[in-house]
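Alright, structures below, take your time with them.
One chain, chain A, appears in both complexes that follow, with chain B as partner in the first and chain C in the second.
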Partner chain A sequence: MKGFLDYKPGDTVLHRLDPLTKIFLSVCICAACFLGEEPAFLVFLIGCDLLLGALGGVFDRAVGMFKGLLKLSIFLFVLQLLFVRSGVPLVGQPPFAITDLGVLTGLRLVLRLIGATMPLALLLSVTQMSDLSGVLVQRLHVPYKYAFTLTTAIRFIPVFANALSAIMEAQTARGVAFDTKNPFKKLGLILPLCMPLLISSVSRIHDTAAAAEMRGFTLRTRESQSRRYTFQSGDLVAALIAAALVAAGVLL
Partner chain B sequence: MIQFENVTLTYGGAAAVRDLNFTVAPGEFVAVIGANGAGKTTVSKLMNGLLKPTSGRVLLDGVPTTALRTSVLARKIGFLFQNPDRQLCKPTIREEIAFGLALTGRKDAAARTEAVLREFGFDGSRDPFSASRGERQRIALASLIAVEPEVLILDEPTTGLDYRECMAMMARVQSLNAAGTTVVMVCHDMELVLDFARRTLVLKDGTLLLDGETRSVFRNTDVLRRASVLPPQITRLSLRLGDRLQPADTVEEMEAAIRAARQKGVPA
Partner chain C sequence: MIEMRAFSFRYAGADRDALSNLNMTVDDGDFIGVIGPSGAGKTTLTQALSGLVPHRRSGDFFGSVTVNGLDTVNSSLTELALHVGSVFQDIDSQMIAGQVEDEILFGLENFGVDRAEIPRRVDKALADIGISPLRHRTIDSLSGGQKQKVAIAAILALRPKILVLDEPTGELDPGASEQIFRLLRRMNETHGMTVIVVEQKIMLLSAYAKKLAVLNDGVLELFGPVREVLRHSARLEEIGVHCPRVATLSNRLADLTGGALAVDLDEAEALVRGLLP
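Moving on to the complex of A and B:
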């Protein structure tokens, strides 16, 4: 999932949506995922996520994200099967049985995890961070320094992911077995990397803060913005679809 | 011995390197030069298995890198990255040097660590992250050298170093090479290439334009122009002076050439 939050330039229908509409749409899909109980509805929401990916020209990224989450989901699904004791036993005998409720709970958990994780990441990958902070300041009256902090934190996720990847590469070249197939062993090897990652992260944050101050960051106010954000008809349609999904989540 | 046989590597449909064929023999000092994006780092990462070829083969002592994990290849190939902070991960220099040895399962790790600390003049109890950029690069190099790799790959090893640090680093690399270690150096500093590398590969857009003895490579101005590479200043001066002086690639050679020309009465 390397680079999954990197901005993908384009002029698709999603790129043209107001950043606030995109946030609203992704929050609504997340809410629908947690409100909906029916697995079929949750699968439909995942389908909506993939459709968003296709509409935004980031379908490959959506599929990559889906595959990554699916791997994690298998682990979580098995945990649910093993630990949920209530319900009708399907396989084995109590207290070590796999129950119908265990299967249903596990299925809901993984479908919700996938359905709720994808939309915000996908919509952020078709939104410039400057637009996101701009709309937060202009429309929601969030003080610029907080909007900037939020968008910088989001912007740094792929940067840190790349830094971690580069550190793992360097350590592999030294002989650390990051190229092992065993995920548990790999996880254990990542812990010692906290030190170089922390050092490079703090250094980068320090540089960014210094650069921002040098450019008059502290003087910026809501009135400083040159770009004005206005809702278009597409935003209204997207907002209505988002509201409908939440309503469907409540009903199903 | 490292062999590239028809090696191509593509990223997302675009070729990073194309149809590369060359061999690096044991004990050689080879430089890889070219403009940004020419494929230099890709070539170096193909050598130690960090990247696997899309087609063709990269062989280390006759074994394809696809058959071995990079962490295993690390026992034979040391890789010094441009940014030492990616390699350093321990709270003291002693632990940092011992870490590489522990990874390769060396039984004499403790003694070897102390020997390398003495050799480089490091205080083993110091935090490597509190050292200067040049020192951190030397610590990273020391931790690689401790393992005594057969091949040392250097990716822009002197970036961010001052002249003194650069020369200290390269002197150590040169002595390793003299002792038999194969050195492959990716470098933008042509003066450094001229001073240390005996053979040079010139890359452009992932293809090998030229492979030859370093001095002759720097005199092939047509190929270097195509690769967007400027020869070292002293070579350019020598080339501009043309037939009036003997070819010279060092200050000493240039002085000798000028003296010889004066004796022959060549007009200034």
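Moving on to the complex of A and C:
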């Protein structure tokens, strides 16, 4: 989780895209994942996600996410194999057979899960949260209070993930076996940390809210934003690609 | 002007007052250094001035605290923020934005500073604190000391009438600490900004503050011009505040010879030379 959603500074083509375009692009890739039925097309969409990672200078993070999702996907794939009963048996005999439909359903599920999860997280990691709240307020006329709440919640995800990592590292240094390979044992060690982490997180949010109020948060209006956002030609190209992916999803 | 009259505050669940019967007046343009041992009530004092006490800290509030005529109990945090700029001890919780420039912009935009003026204010705040190269860095990539400087720059950019800082140099090296205090003095002298700073480094306070407030167990033990307070070096040592060595030495010499108090090395040298035949 460490580094997940952390903003990666840069000046790549993705960094320069308007935040709304990035949201539109990621929503379109998600939609294409759920509209498309063909596994090859779904693999292509995952390829698009990795390409986005490369274009945004966050390829390592994209690969990391892909690997993480792959582990979860194996579990979900096996569940589909075991529970889908319809279709032609490939291995074993009914009622304990693995069917062709089970394989196809499991494959679609994991490809969709991977393809749809990656784009928003990748695009958010190349977007400043202040820019995101800025466009939400300026263009979509979302009240600043809600835009700020949304972007602050997103910003706090890596902050709290880092806090958890720091606690685990400190505990490891004091002999707690957080570096164990056994996931159940690791989960058992992490669970007792959740409550203190939650309490410290709430306390920190409370203090940050007070700090925001003390710097005029309640006085802010839509006109307060000093930055102005305009769509560029790159945004048009990205929007067209996004629309084409959705169209391909409908057709395939 | 800040006035505290018979002000006491006890945190919910605590068995004693964090601050007890405090009476203190801070005039416009004052530069007050607040010092005292751990648990003396220094942070509670700064939070009372910014309104966090009682608006964000539950407990029993007695007496009154007024800031430029505003009663802190009856005024909102935002109303008080129009007069008081605060830098907390916990810097991380004060960081609102993800990037240094956005952190400075946040308050300026909220308080409706003129759009043409905003870039100048941002440039000046960054340059004054010496963090212009950090402008486009993410907050999470900064060290504790750098974050501390960003927090101070974000408040200075707002140019509040009163500046309250809780251990603003806690994570800074001696050179950077001096730089911050020089800047505070400049803001105090050229802009007439009232500065109230909690600090453990008494040498810095002695050199830059006009007055010292010494807290001990929630009680205001001493309050007055720096030289007057440092005269009580024995009492300060008793409550765990270590006086600058030159002040302690000159106090002892003064006991013997009736000489003046020295608060820095130059004054101590002059004092000793004066005593030599």
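Convention: the second predicted complex is superposed on the first by the 242 of 252 C-alpha atoms of A that agree within 3 Å, B and C clash if a C-alpha of one lies under 4 Å from a C-alpha of the other, contacts with A are read in each partner's own complex, and residues count from 1 in each chain.
One rule holds in what follows: a residue touches a chain if its C-beta (ideal position, glycine included) is under 8 Å from a C-beta of that chain, and two chains touch if they have at least 3 such contacts.
Keep in mind that this is a model prediction, so the values were computed, not measured.
Of the two partners chain B and chain C, more residues of chain A are touched by C. Applying the stated contact rule after C-alpha superposition, one finds that A:Thr172 touches chain B and leaves chain C untouched. When the two complexes are overlaid on their common chain A, residue A:Met195 makes contact with chain B while staying clear of chain C.
Residue contacts after overlaying the shared chain place A:Val63 against neither chain B nor chain C.
On the side of chain A, the complex with chain B involves touching residues 166-167, 169-180, 192-193, 195-196, 199-200. Against chain A, in their complex, chain B makes its touches with residues 48, 50, 69-72, 74-75, 77, 79, 81, 83, 85-91, 99-100, 103-104, 129, 143-144, 147.
Residues of chain C touching chain A in their complex: 50-52, 55-56, 76-78, 80-82, 86, 88, 90, 92-99, 102, 105-112, 115, 118, 136-138, 140, 154, 158.
Chain A makes touch with chain C in their complex at residues 6-7, 9, 128-130, 152, 155, 158-159, 162, 204, 206-208, 210-220, 224-226.
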